[in-house]
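Two complexes follow with subunit A in common, the first pairing it with subunit B and the second with subunit C.
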Partner chain A sequence: MSLGKRMLSLVMVVGAALAVSMAQASTDPAPAPAQSVAPGAHSYVPEVEKKSTSTADHSKFKELQQNFTSGPEVTKACLVCHTEAAKQVHKSKHWTWEFLNPETKQRLGKKNVINNFCTAVPSNYEFCTACHAGYGWKDQKFDFTSQDNVDCLVCHESTGTYRKLPGLSGHPNYKDMEFPPGSGKIVKAPILKDVAQSVGKTGRNNCGACHFFGGGGDAVKHGDLDSSLKMPSKYLDVHMDKDGLNFSCGTCHKTTGHEVPGSRYTPTASDDKAGGHMRGKEDKNPATCQACHGTAPHKVAKLNSHTDKIACQTCHIAEYARGGKPTKMVWDWSTAGKLDKDGKPFKLKDSGGHDSYDSKKGDFKYETNVIPEYIWFNGKVNYTLRETKLDPTKVVKINSFEGSASDGKSKIWPVKVFRGKQPYDVGNNQLLVFHTYGKDDSSLWSNFNWDKAIEYGMKEIGAEYSGKYAFVSTEMSWPITHMVAPKGDALTCAQCHAPSGGIGRLDNVPGLYMPGRRANELLNTAGWSLAALSLLGVLVHGGIRILAARKGDEK
Partner chain B sequence: MSEKIYVFKVFERIWHWSQAGLIIFLLLTGFEVHGSYSLLGFEKAVGLHTIAAWTLVGLWVFAIFWHFTTGEWKQYIPTMQKVDAMIKFYAIGIFTHAPHPFKATTLKKHNPLQRLAYLGVMLFIGPLIWFTGWFYIFYDKWTEWGWDQYLSLEWVAFFHTVAAFMMLIFLIVHVYLTTAGHTPTSHIKAMLTGWEEVD
Partner chain C sequence: MLKAVLGFVAGVVIVALVGWMMMPSMMFTERVSPFGMEETVARIQHNIEDSPELKAKGWSLSGLRNPAKAVQTDGGNVLPVMMIEVCSTKYSGPILKDDTVRFLSILMPCKISIYKKQDGKVYIGTMNAGLMGMMFGPLVGETMGHVAEDQKLFLKFDPSKPAPQMILPKAPTGGAGAAAAGGC
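== the complex of A and B ==
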């Protein structure tokens, strides 16, 4: 070890010790480690140590040897060398939170979509932008052309100490902070110099900081993405297995120029022309299974004969939320706002110890090891946007996956269907944007008043509101594609081709004939009846022969 | 005293019994794949059904070759002669110890009803089951070969099952009629040893 490195580590150890003692001095009792409750507020699990193959040690760069006091300051230093990085990020969805679907022409992205989890970003920027790859998006006036406001660290740091807490408009906490407020848990301010010097390739923890915690907590949204994938076993994910292939997210989502391929807005449902991920080839989507495995990856020919109609995920991800973290299945906003007898918000837990009610959010249902629902899917997704007129007598599909048995483009896919109730405008029959978070007195979480929260939210986006709201049932589908099990844990034949009387996984998928499940009943009746009649016929014939023979003998 | 004639050569006997075994096995596994019951499990049933099917195909290739090189195919040329007598025999004569209207010889070992039945098996049930079976096996190639516009798995499976039911019915009746020889066991003995006891 060089003298310089030795000195550096000494400084770091002393610094860490000082920070710990200071934190202990400032709080009594000593802070418990923060728990996984919200985006950015999760405990850090170091990735398996991999020998870095990078040719640059960022701790040696002069630009990074300063006591940064804010995120944008660090970014400025990054951009000295990485001159084009911010411009690249500016084009990405991670920055714009906007996506124009070229096929449906729908304007999507976090900025525009209303989902049935936390519903909508507008009027809640300070909270939601904890997951924005930028700094300072606190209202509609955010400057999307600012290079210094790009957050390099959240995706590239590797200390695990850098966390963007909800409510800080995308900034980390520059001072020690109680989080969640009132919890008594202190989140320490990151030492930005160390964080800046730790940068490297984006790892699982970086992506996971937001994508594992979508929907307001660990495992809540996707079901196939949660913090158990930080250090997964082979059983949980055959590719990310910490003792095996140890893939990072980017191994599949192979990123060039800060554009991350493999988006849910335009999924690749059927990738039958891909025959391996060839170097130099511009793949449309390198994140499909077929990009590496091709379309005939099985040793057993009969299994390969399924790949034209069945997505790989259908058999190879037999269940999701398999890492022990329950995923949210139901969220009913209509019951939010109940207060206890002291007029205070409260929480209830279910028998499994998971939140089942929260005054801020309503009723929930969580599940682990969930069997997906199965649908025909051709890659086309249509959204019910805020402008879309809805029919409140029916379940509103936040997104609907297009596909059929006969369009020649669809495969049977596993999906998580997330069900809930959320407010809609009774006068206009449209989904509503409401003000969830804010220190003002209009936000739902400060005064539990829906009228005020909706009025504020709709005003924020400048949309018309009739003044009357009610709750409508909604459904949102999420393709299941992560947590790929080893082949021994894939579905077996009989789980779909179940014996008569059993339950087959694909029983509800329309438009397909499945041997073992969908026999023609008329043919069965006719066939077995005729066979029984023949048997009866020969038995009677034989019986008469025996009787006749006996009579003959008697004579 | 009854006499004995040599009707079934070694190849024919091997062909017959291995075919019998394969067909029974194919019926057993096939109706499991069809969903009628659970015996070996779907996966095993499919795998073994496929292997047995290809084995039977191989056997038939040999049998066809044998029949044409030996001229034995002539045994299956249909004739309506004495068909009425055969039906009358099975309907009445067999109960009254009437003499069998057909006398097997080495050159004519099948009675007219047998000729018709076996020809039906070979020219109708067989091809139906083979072609639907092949369509079934090569299901994943339909798109590549441009067949998907003409075929539907549902109908392929339907006719494959129709043929299977016909084969099952043939099997029931055939097994019973083996007892309708000179003595109840003389046909069976003939298929085992080659020598048939005749009147």
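== the complex of A and C ==
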């Protein structure tokens, strides 16, 4: 055998051995396609059993030993002891679905924002309020002052049997019910007495019942929040690792008086106050990385010198949707309403078994292990609200994250950018509210008629509609902050400071000089000139010294 | 004379170095897929399963592996990797019958790797079967030449066709080909 052949053989055998050993290392088959699950209809996963530290066993309370027939009845019983709880909830965003941004003065919250997922709550209350911390919000007449309407159970029960199905205006199903309709799947009615007696601290399942299923299904909206976080392993989240720290949501989102910190409407982009957060103090957001880790958490000083410009999440959440649940990346409403040859709505699946088309909703694209996009962000977010004028020739940003390299307040953040198409008013150049769900003839999902659905939705909010609609491309950004990977899986230096020709994570971030990556011709020329001059100086100086020495010898 | 010997040695060293540098790119090929992970896997699988031409040559899927899963179980993360295993007994049989080249069973079944990189794109990695086969005599050379030709058909995509469903193994693949419908 020639040397070349031997070398080729060696490489081939080593390569093949590596390939085989990798294949053997994994005896798992490919993952089964994840099923999209409707909000409220997900299966219960018990949390890791912890020794209770509570001083009260609610099953022993006389008030809870009755056969409740409705949620409000349970609330009445809760309020006998927890006299101030409902009043506190009334002030929270979980109840009002409203938020006035003190800086931008924009009126936000679910009640006001039009997003590019399910779009808008008005005219769809019965459906959307499955995720409201209350009972009975079916129209604009809902009584926000009623204490009995507060739903204590959704956040505090621990049986996993209490589900608020879409279409019931925030109530659980009090009778066994087929859900989704026509699916043949029966959702059992919860036994409210058992549910009421199970109450305790809010756990991951409670928060996850809504936040894991935002946007109409598991993992759809956020990308970094899905049902894989109910019982996560270390690779998925070092803080929530079921066999490790086992944090609940409330460990970081430390709640006082039912006010949960950590809002996406006013995110804390840069938390550089030295030291951690003293629990009980209200001087800063406790749900930031710095609140526990401070601003210099690394042993290597060079890494700490990055923390003033790089959000922790940028390096420590290198990809999102890592738990095997694909997140929705694209939603095109403009194709909704197609019917099959029998005039019936239909669905199509993608290669992984996820819906890629639904007559009710249009076209979708899903993805797992998504590499985030990166932006400068200073914490200020501006929304395109219903009344905001838009330019339909451009992609409309539902929310714009402010920030720049030079404002002294921004850091580079990872975001999920969700892209879609949704209806807008051609005459007024404004986003539209449309009636999606309802048993009436006007809802999109009952008659697939956009004209009727839009007219109904706009009438519901009392807004002007020109009568003509079209579809506009939209983008909505979501900061990525959950699914923190083990430190060994953080971005390495070379993933940003990649050699030219390689892939640099921050290549599209403007206003950034990346050593080893982005060449500035002027700076390069100046640097090389200085180096050349130095070399020349050394050579000339050395030459003169040698010549002078020789002349000295000759003398 | 000494100059000639030194020149020859230098030539050999340079050729060896060049060979060493080029070998990885010659032995394996990599291309960007126009589709996402799952769709790429599904389209390759169906190219193999649905082609009468490939079926006539004995090709069938013998597994689908997810090496990233093992890393997750160990508490770490890697970007998605899926390996399609495919085999034809018409090609593997003659090689497995010959004691002198039976060690090449280590390369069986054929693998096509689909993986995501830092740029978010999906790539397809394959072995350069034709070049590898040439190193092991006429039997293997000829067989692997056919394999190389068929590999091109595995990766011939028709974007006008709708995305097919991924074909998942019927049972966990304990070893290569454990869930094979055919193969090696």
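Worth pointing out:
Following the convention adopted for this analysis, the second predicted complex is superposed on the first by the 481 of 555 C-alpha atoms of A that agree within 3 Å, B and C clash if a C-alpha of one lies under 4 Å from a C-alpha of the other, contacts with A are read in each partner's own complex, and residues count from 1 in each chain.
What we mean here is this: contacts are C-beta pairs under 8 Å (C-beta built on N, C-alpha and C of every residue); 3 or more make two chains touch, one makes a residue touch a chain.
The model shown is predicted, which means the values in this text are computed figures rather than measured ones.
More residues of subunit A lie in touch with C than with the remaining chain of the pair subunit B and subunit C.
In the superposed model, A:E367 lies in contact with subunit C only, and not with subunit B. By the touch criterion defined above, A:A485 lies against subunit C but remains apart from subunit B after alignment on the C-alpha atoms of chain A. In the superposition on chain A, A:D350 makes contact with subunit C only, not with subunit B. With both structures placed on the common chain, the touch criterion links A:R505 to subunit C but leaves subunit B unconnected.
In the superposition on chain A, contact of A:L530 is made with subunit B only, not with subunit C. Of the two partner chains, neither subunit B nor subunit C is touched by A:S146.
Within the superposed three-chain model, A:T104 lies out of touch with both subunit B and subunit C [touch as defined at top]. Once both structures are placed on chain A, no subunit A residue is touched by subunit B and, in the other complex, by subunit C.
Interface residues of subunit B, counted against subunit A in their complex, comprise 33-38, 41-43, 46-47, 50, 90, 94-97, 139-140, 143, 152-154, 157-158, 161-162, 164-165, 168-169, 172-173, 176-177, 179. Interface residues of subunit C, counted against subunit A in their complex, comprise 12, 15-16, 19-20, 23-24, 27-28, 36-39, 41-43, 63-77, 79-80, 82-83, 85, 106-107, 111, 116-120, 132, 135, 162-166, 168-169, 171-176, 179.
Per the touch definition, subunit A reaches subunit B in the complex via residues 302, 304-308, 492-494, 497-500, 512-513, 515-520, 523-524, 526-528, 530-531, 534-535, 537-538, 541-542, 544-545, 548, 552. Subunit A makes touch with subunit C in their complex at residues 3-5, 7-9, 11-13, 15-17, 19-20, 22-33, 233-236, 318-319, 322, 348-353, 356, 365, 367-371, 485-486, 488-489, 495, 503, 505.
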